[in-house]
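Paired with chain B in one complex and with chain C in the other, chain A is shared by the two complexes that follow.
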Partner chain A sequence: MSDKTFQMLRTLLAVLIALALALIITFIVSDKPLESFSLFLFGPFRNLRYMGNVIEAAIPLAFAGLATSILFSANLFNLGSEGIYYVSGLVAAAIVINVNITGVGLPILAIIIAGIVGMILSLLPGFLKAKWDVNVLVTSLMFNTIYFGFGLYFLNYYLRDPNISQIASFSFPDNARLKRIIEGTRVHSGLIILLVVAFVVYIFLYKTKWGYSIRMYGINKNFSEYVGASSFGIIMLTHISAGLVAGIGGSVEVLGMYTRFRWASLPGLGFDGALVAMLAKNRPLASLGAALFLAYIRTGADLMSRLSDVPAEIVAFIQAAIILLISAERFLFYWRHKMLLKEADK
Partner chain B sequence: MDTILELKNITKIYPGGVVANRDVNFDLIDGEIHALVGENGAGKSTLMKIIFGMEQPNDGQIIYRGKQTEINDPNQAIEMGIGMVHQHFMLVPSFTVSENLQLGMEPTKGVFIDNKRLLEVTLELANRYGFYVEPDKPVENIPVAMKQKVEILKVLLRGAKVLILDEPTAVLTPQETKELFTQLKMLKEAGHSIIFISHKLKEVKEISDRVTVLRDGKTQGTLKTSEVSEKDISLLMVGRDITSFDMLRANHISDTTFSVRNVSLKLENNEILKNISFDVREGQILGIAGVEGNGQVELVKQLTREIPINIGEVKLLGQTIKDMSMHGMRKLGFSYIPEDRMEKGIASEGTIYENIVADRIVQDKFTKRGILNTKNIISKAKDLIKEYHVKTSSHNQKIAALSGGNIQKVVVAREASTNPKFLLAEQPTRGVDVGSIEFIHNQLIKLRDQGSAILLISADLEEVMKLSDQILVMYDGEIVAYFDNKDVSEEELGLAMLGLSKHDESRPRGAIANE
Partner chain C sequence: MENLISLIFSTHFLFSTIRVTTPILLAAMGALISDRAGIANIALEGMMLMAALSGVIFSAMFESALIGFFFALATSLIMALVLAYFTLELKTHVILGGIALNLFASGGSIFILYLVAGDKGTSSSLASKVLPNIHIPLVKDIPVLGEIVSGHNIITYATILLIIGLYLMLNKTRLGRKIRAVGENKDAAESVGINVKKIQYLALSLSGIFAGMGGAFLSMGYVSWFSRNMSAGRGWIALAAEAMGRGTVIGTTLTSVLFGITSALANAFQVMNFPNEIINTIPYIAVVLGLTIYSIQKQKKKKSEK
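Take a look at the complex of A and B:
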């Protein structure tokens, strides 16, 4: 059995164990455990609308996962997708509200500019890391808060619609919103953008010199330096490209799912991105699957909490169990051991 | 004559599929010196780690003093009376010899350490075994040979009956080796059993009572040392005759390729490098010999600019490298075989083909507008794998799954196949099997004959003497001697390495081309 297959089986088993754990918890807390659990497991497949919910929820997760995969490939533990999502979504909102273009030109312009903004925002922690080797986990988390503060200020004083009571921007013009592409659901054309971006990220990471440099740097930065690659350049490039992807993700989410910009708190996608990237082992195309899976268990839990007596927080258990098992090096270690013995006997 | 320790059918396989030991049998008799020999990568270290509880075998039995046991960690091994002296010393540099010796078992007076008692214990111990150490000196200020004695004493103090010495002579000069052997024989007389790991057969022949040979993780047999010749042992080790051959020295050495002038380095007020100057010329291998820890590592760090060059001047093809990037240096024809291949030489999670042409990908040799030409990369990788005899099932294999020797061949293939103008070879064959050593040596000679300038830095005296056209000796951060490698003996080099004989200023300047 190859290493790849082993890793895949391992991930699969982790997921199964986590689901089993969820089942046990359901049995403890629910009066009708089987019914509740089948809601959780099969609910999302009940009708087209629910399936649509899964896909809608998967789109921002996948963008965040792709951005984080690029960063993790370079072994840069940056959780900054969070703040970038917020600001780039806001920038997209500001553009569609203030710029007067008809037709699809408007959302396209908004997404491009949001992407560029994402690149710039990502560059700040990137530069600090590249120039002075500042711990990127710390700076990216700090920048999340800073960007969110600026964003909320901007929303409150420049974009807020005074005629409604919640914090929300003026409403978007109709042509700014991403078109729905599946009848009966809210799945929007952002899905197509996502598929294109995922493919481009895959090509970038695995078929170009830059992606190669990023991955080698991630494996062993001393090696990468000694063969003549510039660490400074690689760190900057990694951040720019991750920022671009996160920026596009933020704007796509806002223009695809909302009629106004309504985020009064951070969307939480920085950590979700890390989760997706870990599940997908930093592989861009696998990120799509990982995001779908996460969206599926969340939608299922959501349905379960609405229609039964089990709270949606059960998802947190499942996620925690999966992360633990996947990141635990020694999980299935013994089995792997036996396998090696057999292999060596051949 | 009782058997004190017996290993039966030990098998150890590392994750990644490397079979380090397979059905290994080994027994140690009370009061003997038992040599364990084998090429690097034959599984000696793994076997010792198993005895010392650092690794658990996948299969097999350990019988100690007649009882089957499991050794789960080094603490348990120490409790049982097994001690190990590692190749790389495990001492606290800023602590004194006494403090290091009794670390974790210091005599106390109330809550304070009883310094008087500390000293007494050390002196008593040193006297008992006839080891000369300076109890009050910080370990960072004592010579390597003394550090080794501290390590051995440390093990003895903890009551070890069985001593494992992992390549103890690798860091010693010939003279120091002799002294060590006298002491080991005394320990044997005192009733200790010693496992002596080495791949230097001359030493094995001299010191051991019996010898066990490992090859490819399997035992090839245990023999009485007095009944076999070095040649017999080497045959078992390698499985074939090693042909020793005379290297042809370079016949014409011409222009200076790489020049170092007055490089000095101070770190934390210690003078690490003192006024180093030499030239490496086209078609020359200049060797730098010296006991490890005399500034070689720092010199390399200066030449690769891991530590910036502040004092002195280093020029590659007439251009100063002070502010040049590694990319720029490589473009000029700089190549580097690092001492630690895992840390600097490869990206272990990458595939062979991603590693073997890494420098060229970075230099845009295999890319078109940034897109990798994977087809060309793979075909080049396949060529190199063949040309450099890398044993692997596929170019697509993870490089970490290869043996040390094969990994090193990948590094050499990458660094040598670009026809470098200058190659910095830092311990190019450390931890590599005999077959690969021979191959790598031949590659270096070939490069020299094609006109590359090579700086060879090695603690392996044999290697330096075999390959170099000229030899510099480093001692305490200084170049203390210069030899033309025609008329130099091992003894002369050894004395210079110990700092006992020093050439006057003018002679080391022989390493500088006439300007």
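Take a look at the complex of A and C:
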């Protein structure tokens, strides 16, 4: 058995164990456990709209996963995607509300500027890490809250529509919204942008010298420095590219799914991005699949919570179990060891 | 502005500084003990959150604050043991293990809250108990000082004793020496017969208990209910405080107090006419600044040593 098949089996088994855990919990909390659980597992297949929900939910997860994959490839534990999502989504909203351009030029402009804003926001913790080795895990989480605070201020004082009781911006002009591309669902053209970005990230990380130096740095920092690569440059590059992806992701989500900007709290994508990146083992194209899987179980959990007595947050148990098992080096280690010995005996 | 200055120098402000420092200090000590044994416990945030929830639920169930308190500690301890098992036995990357537990806590606490209290926001439907505030005899009658140091929650006073205990344990006992030896050089410690795994299990367990106390304080002292995500980044602030305190008990205490002051300041500013959204970011900005200054100094020191 090759290492690749082994890794796949391992991931699969981790997912199965996590789902089994969810089943046990469902049995404990639900009056009709089997009915609830089948809603969770197969619910999204019931109709086209639910399938559409899965894809819609996968888009922001995949963007966050791609951004995090770049960072994790360099072994930089930055969980700052959600702060960037918030502000870049807000910036996109501010642009489409205030700039007067007709046609698709408007969303394109908004997404580009949001991407640039994402780069700049990501550079702050990136620079601190690159220049002075400031713990990026802690600062990225702090920056999430800081960016959110400033973003919310901006929303409340400059973009808020006073005619609506909830916190929401003025409404977007029609031409700002990303077009729906699948009839009967809300799946929008952001999906196409996502596929393009995923492909570009793949080329960047695996087919360019820059990507190679990022991955090299992640595998062995000392070696990378020894052969003359600038750690400062690599950390900055990693953050810029991750910030760009997250910035695009935030604006695509806002323009694709909403008619107004209405996030009154952080979207929670920092940890989700880490989850997607880990499931995908930091590979950009696999991030798409991982995001789809995660979106699937969340949509399933959402359906279950609406139609039965089990809250949707049951996914928290599944997610934690998956991360713990996948990142456990020794999980299936002895089994693998035995298999290798057996093969050697042949 | 004058208002503000009189506010800051009031006994009320100093009292509230002690109050808001308590949970940060407890979590920071949790970070310290595991870090000294060579394990970065970044799950403090999630441990506090689950402990806070557990304290509310079980104190309501048994109608006893004390029982709730012990369940809070036990919950956090169990999480610490899960983290220890995965990192020490199954070799999970400790940072990823911590991320997993935090992710679990943020959703799992809502899951459990909903099942028990029927609400995804707060535990207001539960008749949970709070731990008592202590008015120290004699001290409470001293003008000014009495108003500042008396009347705090029992956990605040327990924290002070625990910090002294931790200091003595780390610096004056065999166990403390063993913990430090494991943290400084695992292999060397192993070679002189120290059971590294056992020490690390112990350190993580203590770390969990500290975080659990912090959580219990939040929902059974600071306020009398649980609300979603009520740990609000304190577990992360604690990590920063521990790093800036260079892993020493005294240093970490001082930096925790510093962050406590910025949090109390943010609370005080809210009374004034500043936009809340910005004010709320002050403690987090202080953490970024503090960590940056610490890292710059550390780098300078490294360079001068070379």
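The rule is short, and it goes like this: the second predicted complex is superposed on the first by the 344 of 346 C-alpha atoms of A that agree within 3 Å, B and C clash if a C-alpha of one lies under 4 Å from a C-alpha of the other, contacts with A are read in each partner's own complex, and residues count from 1 in each chain.
Everything that follows uses one rule, which is that a residue touches a chain if its C-beta (ideal position, glycine included) is under 8 Å from a C-beta of that chain, and two chains touch if they have at least 3 such contacts.
Given the structure is predicted, the values throughout are model-derived calculations rather than measurements.
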item	value
Joint occupancy of chain A by chain B and chain C, clash or fit	fit
Touching partner for A:48 - first (chain B), second (chain C), both, neither	neither
Touching partner for A:196 - first (chain B), second (chain C), both, neither	neither
Partner chain(s) touched by A:317 [first = chain B, second = chain C, both, neither]	second
Touched partner set for A:141, first chain B, second chain C, both or neither	second
Partner chain in contact with A:224 - chain B first, chain C second, else both or neither	first
Partner touching more residues of chain A, whether chain B or chain C	C
Included angle at chain A between vectors to chain C and chain B, based on C-alpha centres and rounded to the nearest 10 degrees	70
First, second, both or neither for A:207, with chain B first and chain C second	first
Partner chain(s) touched by A:215 [first = chain B, second = chain C, both, neither]	first
Superposed arrangement (fit on chain A Cα atoms) - minimum chain B/chain C Cα distance in Å	5
Chain B and chain C footprints on chain A, overlapping residues	none
Contact footprint of chain A on chain B as seen in their complex	11, 13-17, 19, 22, 58-59, 304, 325-327, 329-331, 336, 338, 343-350, 354, 358-359, 361-364, 367, 370-372, 374, 398, 414
Chain A-touching residues of chain C, taken from the complex the two chains share	42, 82, 86, 89-93, 95-97, 99-108, 110-111, 114-115, 120, 233, 236, 239-240, 243, 275, 277-278, 280-281, 284-285, 287-288, 291-292, 295-296, 298-299
Residue numbers on chain A that touch chain B, as the complex places them	3, 207-210, 212-213, 215-216, 219-220, 222-230, 333, 336-337, 340-341, 343-344
Partner chain C, residues of chain A touching it in the complex	29, 77, 79, 128, 132-135, 137-139, 141-143, 145-146, 149-150, 152-153, 156-157, 268, 271, 274-275, 278, 311, 313-317, 319-321, 323-324, 327-331
